[in-house]
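Lettered A, B, C and D in written order, each chain numbered from 1.
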Amino acid sequence: MIAVLKPGTSVRQRDNLILWFKSQGLDVHISEGQTHTVLGIIGDTSRVDIDLLQSLDIVDSAKRVSETYKLANRKFHPQDTVVPVGPYKIGGGNFQIIAGPCSVESEEQIIEVAQAVKKSGAALLRGGAFKPRTSPYDFQGLRAAGIEYLLEAKKITGMPIVSEIMNAEHLPLFEDVDVIQVGARNMQNFELLKALGKTQKPVLLKRGLASTLKELLMSAEYIMAGGNENVILCERGIRTYEPSTRNTLDLSAVPLLREMTHLPIIVDPSHATGQARLVQPMAMAAAAAGADGLMIEVHNDPMHALCDGAQSLTPEQFDELARKVMRIREVVAG
Amino acid sequence: MIAVLKPGTSVRQRDNLILWFKSQGLDVHISEGQTHTVLGIIGDTSRVDIDLLQSLDIVDSAKRVSETYKLANRKFHPQDTVVPVGPYKIGGGNFQIIAGPCSVESEEQIIEVAQAVKKSGAALLRGGAFKPRTSPYDFQGLRAAGIEYLLEAKKITGMPIVSEIMNAEHLPLFEDVDVIQVGARNMQNFELLKALGKTQKPVLLKRGLASTLKELLMSAEYIMAGGNENVILCERGIRTYEPSTRNTLDLSAVPLLREMTHLPIIVDPSHATGQARLVQPMAMAAAAAGADGLMIEVHNDPMHALCDGAQSLTPEQFDELARKVMRIREVVAG
Amino acid sequence: MIAVLKPGTSVRQRDNLILWFKSQGLDVHISEGQTHTVLGIIGDTSRVDIDLLQSLDIVDSAKRVSETYKLANRKFHPQDTVVPVGPYKIGGGNFQIIAGPCSVESEEQIIEVAQAVKKSGAALLRGGAFKPRTSPYDFQGLRAAGIEYLLEAKKITGMPIVSEIMNAEHLPLFEDVDVIQVGARNMQNFELLKALGKTQKPVLLKRGLASTLKELLMSAEYIMAGGNENVILCERGIRTYEPSTRNTLDLSAVPLLREMTHLPIIVDPSHATGQARLVQPMAMAAAAAGADGLMIEVHNDPMHALCDGAQSLTPEQFDELARKVMRIREVVAG
Amino acid sequence: MIAVLKPGTSVRQRDNLILWFKSQGLDVHISEGQTHTVLGIIGDTSRVDIDLLQSLDIVDSAKRVSETYKLANRKFHPQDTVVPVGPYKIGGGNFQIIAGPCSVESEEQIIEVAQAVKKSGAALLRGGAFKPRTSPYDFQGLRAAGIEYLLEAKKITGMPIVSEIMNAEHLPLFEDVDVIQVGARNMQNFELLKALGKTQKPVLLKRGLASTLKELLMSAEYIMAGGNENVILCERGIRTYEPSTRNTLDLSAVPLLREMTHLPIIVDPSHATGQARLVQPMAMAAAAAGADGLMIEVHNDPMHALCDGAQSLTPEQFDELARKVMRIREVVAG
């Protein structure tokens, strides 16, 4: 950790600060510049409150040298993490598409969609049973029944399933769900993350609406610190001032996260854009940017979807998307 | 609800869309403009998926005429809501200051701070027992013991207490807490909001880091829809591109929320700015903008605070703030 | 234009507002809903101040039905605009790469880079002579000499050249420049846009740091309204809260602008990300999203570049990028 | 300047980098930490490209120790700058209100508004003659005639006048204008800033829509570097994701700029909020936050204002605002 002192700091003030660091078991190097003194603080500085340090009268600025995420950090784990899900692998050069409806609406619906997307090349089936809706008056999902229908679709098609959890108390219902999704709104629901850290289930962790990449990794760290290293990161758009799309898909997150972490990174262009017409070009762009997979909303009857119909593709549109994406993927891998 | 059709929409396409609305029990007015046809959809449109509507090929744009929040809406409840907390009232022309440390650290600490802020005019005591921290390695709060120390301080000073909840399972521990706080990161933890809606406890609901005012009101609506109308809103800064402050305090939220809702609105300048030096000017500005109260972090030894020391005031600084704010308040009220 | 009146508006108030519209030569349709009255205002509403309308006591909200950009609007010009630049075409299914250094530094440098990027497939040569720098103490460009060196490189390689203008008074210096670039900071320098509208030079208009797509099109409209329809739009990243990249590249702008306008759309991944390592994945993603071209910074000696060296590729890196992008382009076109 | 090297950097790589610094006339201190080496670069580092440095393979991160703004920096000029305008002083404990219409529409209008606002306590008269409008089809101002009407109002009332410039070529028209305003869209029109730096006119510099406080100070530095130190800064709202106001007024900018610079800081709540109803509370808040003055839009007939009528106050509303603000001001100063 580095602390830059303001011009005019007296030697006594400087030495008091150094004493404060030393009282915390840290060592300090002093480097005198033309106008500023710079302190290099050496040792385990993870407990030093950098905001407090920056607020001191004599401190101009402070900066951490080491990242606060450790288990998710590629520096300490250079090898890609590969998360196994049923017969499939996510990460480490493998590319998988997760597809399915926003909400599970009935057993027939989820089976029909599952069969269609499997035929087009999707590996995993997604479907929401518990739905986080902005309004308490909107459809909140079929809940336990939705999970059952998903399991039925899994039995018939052999596809592993992905579904979102909103409450750690529901964990018993997710026993046979293959990947548990944490939605953007719950990315910093730390109690939920801790509970998932105690399981060994793969967790698909979506980036929060206004979260930095470092915060996303700190949330992954919550899960990993509990002992569960099967975390898949998902970029799904961030909130900006631009009103034309629901969110702004941040594809530079893909190569950046690739450097910062060893965890797999997938992209959800459906929620990011909120518009079916934009899903195919953004899916192709995500594959071109190097993503490890995609998460795509598909509905057999988008006009009557109970939630987020606007961003769902028909099975035919999904089929075209999957074919184009696979060709992009060849260019990237080649 | 209004739907604007694209130029070139055929009469058959238009009539199909109208049939779709009518099949949902809605009535439709047609208004032909120079280039566009406008449909006015009449009836209970709250179940119509506006995103889906906007994504149809023939629809140029769509717009809701009525807000989706009802219980929190001033249109239907013109009178200010007043939330009673012990001997104090929040809202309806009353102004209250909530003060205390970010985290409860010990019984002595919380009692000492409570006595100091009470003397300076604070009505309620705040203190965190369960702490949402970005890093799993940071101090997570004293938990149950922290609540006990707060209750001890309440017994000694008579101050009602405010503390943050992170998990509905902890509700039994909050039985004697006077106001339950929902933090910014949990503003859209809908499962937690629903659980709080079933209690009658006053809830202090903080605006999410990237939440619109409408979303804040929709989250209040979740609590109110459960039967608990004792909701206090709190502006605490939003995330922007500006790096000089932790967040950007959005004080125009105060007069805007005043128009949109009957619920009380308080401001937290400590978390918004993250810097002790900015707390007093922003507290004065919040009072001048018409807030119903303030939430201020005060610590008897900010240099050693276990969390967020950078934004804590000393009791002396708080005393000066309280005096200045009260004089501002007189100008506003007068 | 549509105006929604508040519940409780009296008939007299409503009729006064209707009179105000009629006094401006407009016609009004009235549609009564369950709680709100909706007025449809018919005629040329482009002069009605929508902000003023929305601020009236009796008006709940107002909405334009027609876009305010006309010449740039695909609704009125369904055919793609193709901008001819020397022997090349931009737009309408053609794909071109513009490459070169951020700043022209010497005649040797610009010729060397030009020859290298031409060999790798770049069609146009870019190079800054007048540089907009945040600090007055940073290198401001070679100015007139820079333009001359570019023209020399054009003579030798046959590549058309692109350079940025900062002041309409410099227009005479740009007589032999093939494409005049307007930088992000000048996107709303309306005096400059008007001056460019009076020429017939192709203009490469970069999106402002915090500009919406509609504002970008309104700025294109300034140029087109003057008589110059040769406008090329350029997405180059927008400002968000994320600190890991200089800007956030908004690739959904590509398919969105494709729907809104007939003008060509290119992408600049170098300025967007600010980091050489991210340029290739983002260039590939931009091509996959359907861009009409790319603008890439290339420097023969990035370590000594006088400006923006951090985001420049070496000629070797550019060669690899160009090959990969062309393969992506085949997938998109096919 | 500080550079943190990545773990695993070899001694040879480190020494090469140090040589590169030394070749630029700089000195380097080496400090070895547990995992990282930190270099302190000493000397005039203002020409070192920090982005380039950060992009090097062996560099983890880099940080400037000194600000790049010098003339505007309070560190080097601790005393408040006071800008004299006619008989008034701006800055240094003085508080002034600038009021008037968005656009000058006629001689009668501007004189009538001037007389009204003067009576209520405004010191300076504002009025737009050259108007930056997003659309080329909107009213662009009366231009030269507008300036003449302002000068007539100045003659009659004795009020110094403030008007916006959009083009350095118009400078001769501004010879008798007392304060030249640079609008938010031109904050980084560096050619215009340089031209204003060569005059001695007070310049009111508005913060750009998405500009950081440091960028605002760098733009002030452009003017000051030319020899003109009469710069007044103006906070007028920044662009965020919140749709309820036109912009988000960032009042923490006031105390922050107070620390960073010696220049006066005023606030424009009219353009920030875009809604007349919000102007008074935000004006009071700005005064409470410690601003040196306000800029308020006032119109004698807001319903017919040719531009920005929505945010204009009537003279009666302004009178109330001025009285309340003066009482807030007493609390702040006292």
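Quick note on the criterion: a contact is a pair of C-beta atoms (placed from the backbone, for glycine too) under 8 Å apart; a residue touches a chain by one contact, two chains touch by 3 or more.
What you are looking at is a predicted structure, and each value in this text was computed from that prediction instead of being measured.
Q: Quick check for the class: compute each chain's Cα centroid; which one is farthest from the centroid of chain C?
A: B
Q: More C-beta contacts across C-D or across A-D?
A: Pair with more contacting C-beta pairs, C-D versus A-D: C-D.
Q: Using mean C-alpha positions as chain centres, tell me how far chain C is from chain D in Å, no decimals.
A: 26
Q: State, to the nearest whole Å, the distance from the C-alpha centre of chain A to the C-alpha centre of chain D.
A: The computed centroid separation for chain A versus chain D comes out at 38 Å.
Q: I need the residues of chain A touching at least two other chains; which ones are they?
A: Correct list: 210, 239-241, 243, 277.
Q: Using the touch definition up top, name the residues of chain C that touch chain A in the complex.
A: 210, 212-214, 238, 240-245, 248-252, 254-256, 259, 272-273, 277-278, 281-282, 284-290, 324, 327-328, 331-332
Q: Mind pulling up the chain C residues that touch chain B in the complex?
A: Contact set of chain C toward chain B: 2, 4, 6-7, 29, 31, 33-36, 38, 40, 42-43, 60-61, 63, 65-66, 75, 239-241, 243.
Q: Once bound in the complex, which stretches of chain A touch chain B?
A: Within the complex, chain A contacts chain B at residues 20, 46, 49, 51-55, 68-69, 132-137, 166-169, 185-186, 188-191, 194, 209-210, 215, 218, 221-222, 225, 239, 246, 274-277, 302-303, 305, 307-311.
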